[in-house]
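Structure incoming, see below.
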Amino acid sequence: MKEENRALEMSHKALSDVAAEADNRGITIQRVGVKDVHLPIQVRRKTAGFVGALARIDLAVELPHHFRGTHMSRFVEVLFDFGQHPIGPGEIAEMLAEARKRLGARRADLRLAFKYFITKSAPATSAESALDYDCLFEGEQDESAFVFTLGVEVPVTLLCPCSKEISSRGAHSQRATVRVKVRTSPGEIIWIEDLVSLIEAQGSSGVYPVLKREDEKSVTEQAYDNPKFVEDILRDVVSALRGDSRITWFEVSCESMESIHNHSVFAYQQEERKP
Amino acid sequence: MKEENRALEMSHKALSDVAAEADNRGITIQRVGVKDVHLPIQVRRKTAGFVGALARIDLAVELPHHFRGTHMSRFVEVLFDFGQHPIGPGEIAEMLAEARKRLGARRADLRLAFKYFITKSAPATSAESALDYDCLFEGEQDESAFVFTLGVEVPVTLLCPCSKEISSRGAHSQRATVRVKVRTSPGEIIWIEDLVSLIEAQGSSGVYPVLKREDEKSVTEQAYDNPKFVEDILRDVVSALRGDSRITWFEVSCESMESIHNHSVFAYQQEERKP
Amino acid sequence: MKEENRALEMSHKALSDVAAEADNRGITIQRVGVKDVHLPIQVRRKTAGFVGALARIDLAVELPHHFRGTHMSRFVEVLFDFGQHPIGPGEIAEMLAEARKRLGARRADLRLAFKYFITKSAPATSAESALDYDCLFEGEQDESAFVFTLGVEVPVTLLCPCSKEISSRGAHSQRATVRVKVRTSPGEIIWIEDLVSLIEAQGSSGVYPVLKREDEKSVTEQAYDNPKFVEDILRDVVSALRGDSRITWFEVSCESMESIHNHSVFAYQQEERKP
Amino acid sequence: MKEENRALEMSHKALSDVAAEADNRGITIQRVGVKDVHLPIQVRRKTAGFVGALARIDLAVELPHHFRGTHMSRFVEVLFDFGQHPIGPGEIAEMLAEARKRLGARRADLRLAFKYFITKSAPATSAESALDYDCLFEGEQDESAFVFTLGVEVPVTLLCPCSKEISSRGAHSQRATVRVKVRTSPGEIIWIEDLVSLIEAQGSSGVYPVLKREDEKSVTEQAYDNPKFVEDILRDVVSALRGDSRITWFEVSCESMESIHNHSVFAYQQEERKP
């Protein structure tokens, strides 16, 4: 169509909806949506109330084979509407229901990644400071089911058992990151705070924003007394997760940024509880 | 053990192997290994010969429940041994066999990510230049099976059909990335070059390192004549992959870095061919 | 010292302060401190009040040649103390004064990077949504001077003038990022909102989180009517900054993620106003 | 101009060169060019010969006030022409001269970032493996001068002196990255291999891709016997650089990824030798 004619025609009719056009390729698209939308949100705390956070969000729906495209602006509208209210698993379900409704979709999924701060007391002086944990809320919903996944990343200190055993003095240690995702039985909620505590207890030592000298002595000695391979911490986290009857599925990885290498070592496990 | 005594004892015996100690937690670890090892490699080309590349590598094995840890240095040794030879699917299988053997493991998996350069001719002037594509070789092997996955990321231009249709002039365009992974029937090989060509043909236009003015006119007009949503390019890539009878499984995503938003839009599909 | 003896000795005396030991290498260190501390902060808005944000922070001081080390925990304590209060240029000066005092340092510098959201109205429908801008507060202070730098990153649409001119139809466009840092005369304040507006006006078009079809038509046509190279937008931003008499120094870069290439093009300028 | 008429007109004349149009804003642009071009290169080794590497490249020129734009395709052509030959400081000067010539520019600058591998022998077993170092070649040239800067990033182990001193057993260690840039007197060359060796010697211990148990014992004990703050390693690197009379300017930073915190600590120094 010539630009000139098109301009004329434009003034006489409503804007056509190209995305709503029929499609004859016969392909239902599993997921289509928006990615890396940044939005301030409110996250429910375990203790009463909620706290502000900054989320990076992906939201997608299934697109039936007979539509050419989806309506991308509606995804962002759904996100903005919910950005004002405290968000927990229940609200994730509501957001997905709203996205499915506004987009006429059978299925939708959502991923919110955000930093969450938890106040920690230093081990000797009890000095308080807040540590940042990378967290995830993931939800997936269709006509019959809603699956919610909670994810946390917990930094810990790992001290190498081999290095300790074979060396006449000292033992190399490093920061490691334990990433855990869990799903629970319907009606059960696991709070970020509790999942973080469960994981942190499995490191050679925890990490802290503020450590005075007495605290540094304490974490150094604790790590030295408690050497762990990535294999050890993975197994200890797996054992703890297996022991929580609310959990129906989990995924665990531990990555250790080795202080004696320029690469990482890691361990990984995914399990589903047999009903 | 006191440091002093330990030092003495050290001088009298071989270094103990802590990783080889027995473990009684009863947990077989699904994957344990090294991550983000950087290594120069040689990649087989479709045309005769091979080309140097820089790989970022993860290598992991299954760890039986009765061992406390694996031997991380052996993973890196396996990688170094194979860094000298041209690598294709066959060599991935050999590396996995070697890793399983040296580590006494039932199962192993490997991931090599590297940039691969393909010479392209500009559409009007035929000026030649080499474009970089992010590629992946992934392999997984146990006693009974070897699965190889090829991955490529292809940058393309997408021009928005809705923007073209509703606007009196112009239409917004942007760079998009199409990520594809494929698996094939035993004995079948798909070359990076061929998979890239299949994908590139589905964009509104391809992208090029060097475009002279005549070329820029050509790609601009080609994109304007060939508007596509992420949904369109995803379906067109899916159709093309379904049409290749060698392919038994694929995963496709297309992410478009929208020029009118500060976020991306995307579409995703994964399919397995029913035998 | 043997571990055994050291443990004994420990119980008899206070923990020694190794960082405070004398140093005889004769080297004053220009900057020493903490990096990538994450902390929730409150940012002053142009309109009354403030808004929560998530900051990534570096804080450093000069270390005199006669001290072996600084006291890293105090840096984090200074940051936590100020995390509770609204932060603007004045508070940056206070934080630096506090850091210098607690660390006995002649000089200190601070860098806070955070996302800041500004509500935008879509050009045709006036639909409101909030766009995220990466911002920076940087401060540097010694006995005699305090220099504050404000930084913003503004995403815009750029449409290529060459592509438009030489093509029979269409013109390629892409998202570009304009990064600006400014310093002002003492007593002058430039708000994030105003600096963003100044920059955004220089793009072929602005970008928006939510655009309905009428809006997409509007931004498409605006961009097509307003083609700009990175050189053009750089010069237009430089002209606008030169025209603001409060500004004494600025740095500008524009990076365009070309939709027809797999690389970016960019332009850069830094200027100081002659007094 | 209407699309229809423009198409007609196009067929009658050569494509116009919009970038070469006159500009009347009176602003000479300091740097304009391409960014993040990926290209295989050949890097000269200290020992005879050269080695393949993968470079990420920025190339920019000054743009006089009377031209509207530069010609971006020529930057990439210059890079491709030189991609075939071994590159060292001399070739950087040639590339800049060529860029200035083809683009009619008074000044040009270039930045090549690449990984460079150096074979290391493990300290006890002498097992050989190649470690990756992030390196930089930077050059800047105008009518009268050429300045070349070599940059290297060296991973090392740091063991905390305070933690060792105050703890009854053990001491926390972590991986740290020392980043150094140097410039030399005309005619003087410093090889990557030599600069890496100078830096690596200042860590509590070096890091290695492959360490057998005897080696792990060795590096653990070496680090424990050689505790260093970031301040210590910074001063030791500064001392070593001051001691090399070929060096006329340097910049050093050391960032330590603390194993007991979720943030880094760092030290920074920049010095110019007074002639």
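Note that the chains are named A, B, C and D in the order they appear, and that numbering of residues resets to 1 at the start of each chain.
Here is the rule we go by: a residue touches a chain if its C-beta (ideal position, glycine included) is under 8 Å from a C-beta of that chain, and two chains touch if they have at least 3 such contacts.
Computed from a predicted structure; not experimentally measured.
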Return the chain whose centre of C-alpha atoms lies at maximal distance from the corresponding centre of subunit B. C
Since subunit B and subunit D are copies that touch, just let me know if over half of their interface numbering is common to both, same, or not, different. same
Given that subunit A is a copy of subunit D, what angle of rotation, in degrees and a multiple of 5, matches their CA positions? 180
Separation of subunit B from subunit C, taking each centre as the mean of its C-alpha atoms, in whole Å: 34
Averaging over Cα atoms per chain, report the distance between subunit B and subunit D in Å. 27
Subunit C to subunit D, mean C-alpha position gap in Å, rounds to 24
Please list all residues of subunit D that touch 2 or more other chains. 3, 10, 15, 17, 37-38, 76, 132, 162, 166, 168-169, 209, 211, 213, 217, 262-263
Can you name the residues of subunit A that touch subunit B in the complex? 3, 6-7, 10, 15-19, 23, 25, 27, 29-38, 58, 60, 63, 68-70, 72, 76, 161-162, 165-166, 168-169, 229-232, 234-236, 238-239, 255, 262-270
Can you list the residues on subunit A that touch subunit D in the complex? 2-4, 131-132, 155, 157-160, 162-164, 166-175, 205, 207-209, 211, 213, 216-217, 219-221, 223-225, 257-263
If you look only at subunit C, which of its residues touch subunit A in the complex? 3, 15, 17, 37-40, 52-54, 73, 76-77, 80, 115, 117, 129-130, 132, 169, 209-214, 217
